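Encoded as structure tokens, here's the structure I'll be asking about.
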């Protein structure tokens, strides 16, 4: 602390010019990157917002027509399916990835042999693109050559496993594949979290006579709640951007049953020449994000205020 | 001394190359033909272009058609529209309205295209009265293909001519433990089959609903009847494996005699030929069933559109490419392989597959009888947004056994109304 | 920690408990083993099928122990297979991806480190708000950005080139790299900076002499994140480049999602492996540091 104090004093005695320069260098240094990011985040979003209220079809145009594209969008059956799929998928994908990740993390935390190997096995899918993931799993789901074929050739001739060819179950194929890809990420971060819990807390619980299950439930998990939330937010942004996975796995089918908003936006903007409606759909995607992000942001601010107050 | 000489020579050579390059027509064709016989056909065009002294480049975008259109739109927005793009139907008119397409009238007049191109194609290639696109071929959609082996096994003598005959033949095939209709479910294949049903049942309904986009016609009892026939075909005459099947597997069901029939456009000839199958030993071709007893023709045509360019090399390349595509030689080579027939009606088809010869006769007869229509499923009639809405409904209907024909007819009309 | 708990508990228990303990261990390994099988299945399938002969694959299915061995698929996929109209395999696409990914990763990481440094150690009025605004970019769906990017790339004459893609990936990556670095640097004690300033070190000197040497854990995270993210990106690759300029993901989609063909599983498997090897290698060697770095502050 004394160091910091003297530093403050030292700075205060520096010449004014140096101080001014010192104050501006950081701002100049961050300016290019910040400018590019701001254009990207706000410029692009505002442009899209305006286009979503224009009469653009083949190419972007700037004649204002109000909310008409939004009404067009919401009177569209396929969009409703896509928006519904987004919420359904996000809920299952985020919750189950966390659950599987937690189960794996707890199992690995039991001082197993070859921990690094287990961790690598569960984490490697994250390195693989959604394109590759989707392609390979579509082979595995395919009745002609994949899992059904394998089980049948083992002797169960009536076995059927056709997630992707049934419109009611294809969404589960996408969910399962997503979990395969992402649960290792949850595992890795949760495992690190488990290891960072204050040992004294655990000892105290032990002295009170709590068993391992109880200790996890009452002591460890609550103290890593922030990690859960952070992982959930990362997974959620993957979920909302889901595009390549669907392209490679089901192409939105059978029929239109696994259409996702990102795929439909792409279709509207590029395939169907409905740029305004496509822009409206992408604004709806951003709104879906906001539904989750705004509470998260508020929670983060609240938490840091509380920590500051206690700290 | 030597080095100076060498340098001089090098400078002279590069100067010569530079002047030659200035006069050299060049092009870059953007297309979605990235695989199989399509890619081979484009490669053939490239060879001819190079042989004629041009500098050939092509960009073929794989996967979904949306990828090609996204690329085109991104290029146009970025201010460098591609010199030549494979585009079809109403999209030609839409791009023409943006004022960015190049005018080919001079060349067209010189070569007399108006006299040789099939009349049905003229309004598509000349959306504002001027030539902006050149047709490469004419595809016929309303074909039924029969597996010679499966038909024998089922005791079906010849291809069905009406939908009643089709249903009766299918029942025979099922009794012989065969699949009646080989199919794989994608939005465009479901729509292809469905438009063939609508056309065969009621040609006026086809014109009203699929050409004019009249939603009243879509809600009509006739459309419900067409959906009911489609439901019968999906639930009974196709097998449950249609979702997730690929094209070649569907083709092999005909080749192996597992399925009796297939409904698909004439590019199927190209695919049969590539698989080593021959007509009539292995497969038979015939007009898809119609209930009105005349020759019919659902037409689809691939074409290339040209966008205005500043670079004179590209402009020269556009003229050369348009000339080549319209040349009898290209129209022959390209279409022989692809299964379609030339867009020029003045070409002798003696070396073509018998099915292709039949296609030309049907085209001429249907023009005479007034039964020729353009294909909705293959994007030759309504705007893409309406077509997309129709395809969504059709493929959702095929994949959801709970949707009734009435619901589907109304859903299609609603979806199209929503786009207006 | 819980292991310690268990051991302690064990010591104080009767002998009969040790059987229960052994059963528990078996259950844990069984649980991990079953999941490991599921996780490894796709990798096994792809690796095995890239060395099997196609007829054998079609006959015995994709998930089977190899009964044939062939090296044909790899050179085929690398240099000869016909994708998107040219029969040169995916070699060129592989190098396109490499030329795109390496500079974009380095640039976005360095700028992100600089941003993070300023936003954590040189705060100014509004810098917190600026941070939040930059980080919002993490959530932008790519489709929203397609057309604006097309304008910008066109204006800069960078459309249809790997350079254009580099620019796009650098700027889109800034949101992530800034987030990671800022959250990491905020844990570096301010005293360190202040001490350096007393010694007369300026903004840049502190960055290069103090911050960067302390950064490897977080730089590894951002490099891994950016490298895999950019290497695996598909949408921009397919829309902003064409033909010979396309990255490998576009070629893989072309090769593997054809609706025409029954999949050429052997060649496609080899191609998939070629496309997946660079990020896999990065994870294999950097995975440990990745997780460590992430938990040291990147994700909070």
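The first chain written gets the first letter, and so on, giving A, B and C; residue counts start at 1 in each chain.
One rule holds in what follows: contacts are C-beta pairs under 8 Å (C-beta built on N, C-alpha and C of every residue); 3 or more make two chains touch, one makes a residue touch a chain.
Given the structure is predicted, the values throughout are model-derived calculations rather than measurements.
The greatest centre-to-centre distance from subunit C, using averaged C-alpha positions, is reached by B.
More inter-chain C-beta contacts link the pair A-C than the other of A-C and B-C. Computed centre separation for the pair subunit B/subunit C is 40 angstrom, with centres defined by C-alpha atoms. Rounded to a whole number, the gap between the C-alpha centres of subunit A and subunit C is 14 angstrom.
For subunit B, the set of residues touching two or more other chains reads 63, 67, 70, 73, 77, 186, 249.
Residue positions 60, 142, 247, 251, 266, 269 of subunit A are each in touch with at least two other chains.
Touching two or more other chains at once are residues 146-147, 149, 253, 257, 259, 263 of subunit C. Per the touch definition, subunit A reaches subunit C in the complex via residues 3-4, 6-8, 10-11, 22-23, 25-27, 29-30, 32-34, 36-38, 40-45, 47-48, 51, 60, 100, 103-104, 106-112, 116, 118-133, 135-137, 139-140, 142, 145-147, 149-150, 153, 180, 184, 188-189, 191-197, 199, 202, 206, 211-212, 215-216, 220, 226-227, 230-231, 234, 237, 240-241, 243-244, 247-248, 251, 262, 265-266, 269, 275, 278-279, 282, 285-286, 289, 293, 297. Residue ranges of subunit A in contact with subunit B, taken from their complex: 57-60, 72, 75-78, 141-144, 162, 164-167, 247, 251, 253-257, 266-267, 269-274.
On the side of subunit C, the complex with subunit B involves touching residues 82-85, 146-147, 149-151, 153-155, 159-160, 238-240, 242-243, 250-251, 253-255, 257-263. Contacts from subunit B toward subunit C in the complex involve residues 30, 33-36, 39, 42-43, 57-63, 67, 70-71, 73-75, 77-80, 184, 186, 246-249.
By the touch criterion given at the top, residues 1-6, 8-9, 25, 28-29, 31-32, 35-36, 38-43, 45-46, 57-58, 60-64, 111-112, 114-115, 118-119, 122, 124, 130, 132-134, 136-149, 171-172, 174-175, 178, 190-191, 194-195, 197-198, 202-204, 228, 231-235, 249, 252-253, 256-257, 259, 263, 265, 268, 272, 275-276, 279-280, 282-284, 287-288, 290-292, 294-295, 299-300 of subunit C touch subunit A in their complex.
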